[in-house]
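One structure below.
The chains carry the letters A, B and C, assigned in the order they are written, with residues numbered from 1 in each.
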Amino acid sequence: MATLHTRASARLMMSPAVILLLIWMIVPLVLTIYYSFLDYNLLTPGAHNFIGFTNYRFFLTDPTFLISIWNTLLLVLGVLLITIIGGIALALLIDQPMHGQGIVRILVIAPFFVMPTVSALVWKNMFMNPVNGLFAWLAHLFGLQPIDWLAQVPLLSIIIIVAWGWLPFATLIILTALQSLDEEQKEAAEMDGAGIVSQFIYITLPHLARAITVVILIETIFLLSIFAEILVTTNGGPGTATTNLTYLVYSQALLQFDVGGASAGGIVAVILANIVALFLLRVVGKNLEA
Amino acid sequence: MGSIVLKNVSKVFGGHQVIPGIDLSIDEGEFVVFVGPSGCGKSTLLRLIAGLEDVSGGEILIDGRNATELPPARRGLAMVFQSYALYPHMTVRNNIGFPLKMAGESKETIDKKVGEAARVLNLTNYLDRRPGQLSGGQRQRVAIGRAIVRQPSAFLFDEPLSNLDAALRGTMRIEISELHQQLKTTMVYVTHDQVEAMTMADKIVVLNIGRIEQVGSPLDLYRSPQNLFVAGFIGSPRMNLITGEEAAKRQAATIGVRPEHVVLSKSKGEWSGTVGVSEHLGSDTLLHVDAGKLGQITVRADGEFQVRHGERVYMTPDPQRIHRFDAEGQAIR
Amino acid sequence: MARMASRRRKLTFTVIAWIIALLIFFPILWTILTSFKTEGDAVAVPPHFLFFHWTTENYTEVWSRSSYLLHFWNSVVISIGSTIIGLIIAIPAAWAMAFSPTKRTKDVLMWMLSTKMMPAVGVLVPIYLIFKNTGLLDTRTGLVIIMTLINLPIIVWMLFTYFKEIPNDILEAARMDGATLGKEILYILTPMAVPGIASTLLLNIILAWNEAFWTLNLTASNAGPLTAFIASFSAPEGLFYAKLSAASTMAIAPILVMGWFSQKQLVRGLTFGAVK
C-alpha cells in the first residue's frame, strides 16, 4: 500500500527518543525512591538497612524544610511578579514607534543569555558588595548607609538577580503576542469610543492573557529549581535565609552525603512540583485551551 | 492511453464512509470534470485515482491495468494541486524538470523537454526564477508545466483556479481548454464552480455526499437533469423549483423552470408577482419576483426591459421547458 | 489630532526606551568595561566609567595562566556534542511524528515535554551515584549524556513544529513526480527543513552552554565547563574583579552573539508553541 508501510517505519524512527526518555524518566526516579527507604550515608560505611519512612519523617519534620518551602515560594512569586509586570511594561514600551527599536530590543534581551553563574557573580561583586559595589557608591552619593545586600536582604537579592535574567524572556514572549494583535481590532475599539486605557484593559490585556499564562507556567517550572545563583552568592545563607527546596536537597546529598535523606527530599520535591504543575494547569491553563 | 475505470471504489475516513461505492469510466482523451458542493468527495475521488490515498474497497484500472495497489509514481499520472505545490527552493527550470530527474533522464533530455514545456506555456523568460518571485498565474503555469513534462496518461487537476482572481480565472480556463485540444490527453478536473464545469468538460460527473448524481455532457445535464440536485446545481442563475398546487397541476411533486425559460410581460401571463431586487448586468437583467404562493421566482429578461421595484409583472413558463420531479426528487420523463 | 503628535511621541519613547534598555544592559556593559581595567581601577571608589587606563592584560592572563582554555573547550564540546547527538536522535522522531501522525502523537509529544519538568534534585542522588560508580563523574562524556537527555524533549518539539510547517502538498507533488521516499527526503524535505534544523541547533547550544545544575554538580577540575569554572570564584580572593570580568566576558560573548540571532527560536522553543 502506498501509505501503509510508512506507519511501521515511523514507529521505528521514534523509538530511540522514546526509549531514551522512558529510561531517563523511570530508572533514576525508581532508584531515588529505593534509596529513600535506606539508611545510606556515603560517610558511614556498612550495610544499608531498610528503614521505611524514617528518612521522610526526618526530612519533613526538620524545621529547615518548612523554611525552604517558604523561601521557594517567595523566590518564585517574587520573580514572577517582577518579570510579568516588568515584562508587560517593557513589551508595551518596545512596541511603541521609536528610533533604534532593534537595538533597544537587543539590549533588553541580552540578560537571558548570560549564564547564571556569571550573572550571580557580577551582581554579587560589582553591585551588591557593601564596600566596592556600585550600589554602595550610589548610596554614599545620596548620603545613605550602603546596604550589605547579601547579608541583610539575601532573599531579595537573589530575587533581583534571577528576575534580571528572566525579565527578557517574559518581555520577549509578551512582545511577540503583542505584535500579533490585529491593528484593526484596536481601530475598531477606537471607533467604538474606547480611550487608550480602555483599549488596554478590554482589548490588549485579554489578548495577552494567553502569553502571560505561558510565561507563568514556564517560569514557575524553572524557578522552582533555582540553584546556581544561590550556590554562588550565599550558599543558602545566611543561616537558611536563602535555602530553597532544591538547595536543601543538594546540601543533604553533596555536602552531607546523606544518600537516604537526600533521596527522600528529592521525592518530596518531585511530588510538590507535580502538585504545583497540576494546580497551575487547572487554574491558569484554562487560558491555553482557547 | 489514458483510460481510467473505477469499479465500486469506496473510501472510509475514521469510521465515516465518505464515498460509498462508485462506478465510473473515463475514456481516452476525455476532459472529465468532477463537480459538486464542498464536502461531496470530489477531491477525495481525485486523490484516490492519483494514489495519494488508499481505497477502502474496489478497484482502479488505468489503461486496463489494475493500479489499485500501485504508488502514485507508478500510475503514470500527473497532478496539478490547488496550491500549485511548487518546490520553493528550486528554480522554475528545476521545478519543471524534477519529475524527469526522478525518472533518471539524462541532462540533455531534461533540458530539451523543459525548454519545450516552457515554450508552450510562455515561461521561457522565467526559467531561472524561484516560485516566490512569480505571480499567481505564472506559478499556475509552472505547476502545469511540471505535469506536462512527464507525458502522463492523464492529467489530474485539483481546483487549480480557486486561488486566482476572476479575470485571471477566465483566461486560464481558456488556456487549459486549449492545452487539452493541443495535447489530446485525458484530463480529470475537480471544481466546485459549475461554470468551469460547463465550459470546459466533455463529460461532467456531478457528486453529492460521495454519490454520483448524474454523468453526462454539459448540455445533457442542462437539458435533462435526472434529479432535483442536478437541476438545482447546474445552470446559473439557479433553476426555479416550485412545489404545491402548481406542481400538482402538472402531476408532479416539484416542477422546475429555468429563469431564462420564463417569458415576462407587464400585462398578462400565467403567474404574477411583484418585483423585488433587480440585478442589471447590462446584457441581461435578473429579476427576483415575489410570486406569493409560488415563492421567489428568478426571471431573466432582456437588458432593455424597464421595470421598477414593487411593480407587478406577469410570467409565463415555456411549457416545453418545464421539468417535473416526483416525491423522491427523481425526474419524471 | 492624536496622530499629529507622533513625532514628539516617537522622540519621547525613544529616550525612555533607551534609558531603560541601557539600565537593563548595564551589568553586562559594566562587566565588559571592567575587563579592560587594571585591578586597582576595577575596585576604585568612586567607580571609573569610561576614563581609565584601558588594558588587555586581564585577557592575556586569564587565557594563558589559568585553566580557562580547558573549561572553554569543555563548554564547547558539551554544548555542541550534546546538540549533535540530540539532533541525530530527534530528527527521525520528529519526522515520524510530523509526517505520519497518529491519534497518540500529540500525547507522546506532551509526555516528552513533561520529562523536562521533573525537578533535577529528584534524580540528583542516583545520577551522582551511577556516575561515580561508572567513572563518569567529572568527564565530558557523562555531561554530554545528561545534556542530551534533558534537552531532547525541546529538540524534538522544535523540529516537530518546523517539520509540520512544510506544506503537505509539496511532498505529495514530489510523490506524484516519481520520487521514492529516499529521494523525497533528499531533494525536497531536507532542503526545506534545513533552516528549522539550524534554528534548533542554535537554541540548543545556548541552553546547553548556560546549564547550571548538572554542570556544577557532576564536574570538578577536569570536565567542568565555563559555568563551573566561573562558579569556583564565588569565594572572593582579594583583588581579582578585573580578571573575573575578563573571564566572564569571554564566557558569555559567544552566547550573547548567538542569542541575538535566535530570538524567534527562543519563543518557539521555550513556550512550546503556545505563543506565536
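Simple rule for what comes next: contacts are C-beta pairs under 8 Å (C-beta built on N, C-alpha and C of every residue); 3 or more make two chains touch, one makes a residue touch a chain.
In this text, all values refer to a predicted model and were calculated from it rather than measured experimentally.
Asker: Comparing B-C against A-C, which pair counts more contacting C-beta pairs?
Answerer: Looking at A-C and B-C side by side, A-C shows more C-beta contacts.
Asker: Of all the chains, which has the CA centre nearest the overall CA centre?
Answerer: Central by C-alpha mean position: chain C.
Asker: Using mean CA coordinates as chain centres, what's the gap between chain A and chain B in Å?
Answerer: Each chain's C-alpha centroid was found; their separation is 58 Å.
Asker: Taking each chain's centre as its mean C-alpha position, how far apart are chain A and chain C in Å?
Answerer: A distance of 16 Å separates the two centres.
Asker: What is the distance in Å between the mean C-alpha positions of chain B and chain C?
Answerer: Centres of chain B and chain C (C-alpha means) sit 54 Å apart.
Asker: Of all the residues in chain A, which ones touch at least 2 other chains?
Answerer: Residue numbers touching two or more other chains: none in chain A.
Asker: Which chain B residues touch at least two other chains?
Answerer: As it turns out, chain B has residues touching two or more other chains at 52, 71-72.
Asker: In the complex of these two chains, what residues of chain C are touching chain A?
Answerer: So the residues of chain C in touch with chain A come to 6, 9-11, 13-14, 16-18, 20-22, 24-25, 27-28, 30-31, 34, 43, 45-47, 89-90, 92-93, 95-97, 99-100, 102, 108, 112, 115-130, 149, 152-153, 156, 181, 206, 209-210, 212-213, 216-217, 226-228, 230-231, 233-234, 236, 241, 244-245, 248, 251-252, 255-256, 258-260, 263, 266-267, 270-272, 274-276.
Asker: Going by the contact rule set out above, which residues of chain C touch chain B in the complex?
Answerer: Of all residues in chain C, those touching chain B are 167, 169-170, 172-180, 183, 187-188, 191-192.
Asker: Can you list the residues on chain A that touch chain C in the complex?
Answerer: 6-7, 9-14, 16-18, 20-21, 24-25, 27-29, 31-32, 35, 90, 93-94, 96-101, 103-127, 132, 134, 136-137, 164, 167-169, 172-173, 176-177, 180, 210-211, 213-215, 218, 221, 224-225, 227-228, 231-233, 245-246, 249-250, 253-254, 259, 262-263, 265-267, 269-270, 273, 277, 288
Asker: Help me check something: in the complex, which residues belonging to chain B touch chain C?
Answerer: That would be residues 50, 52, 71-73, 77-79, 81-83, 85-89, 98-99, 101-103, 146, 150 of chain B.
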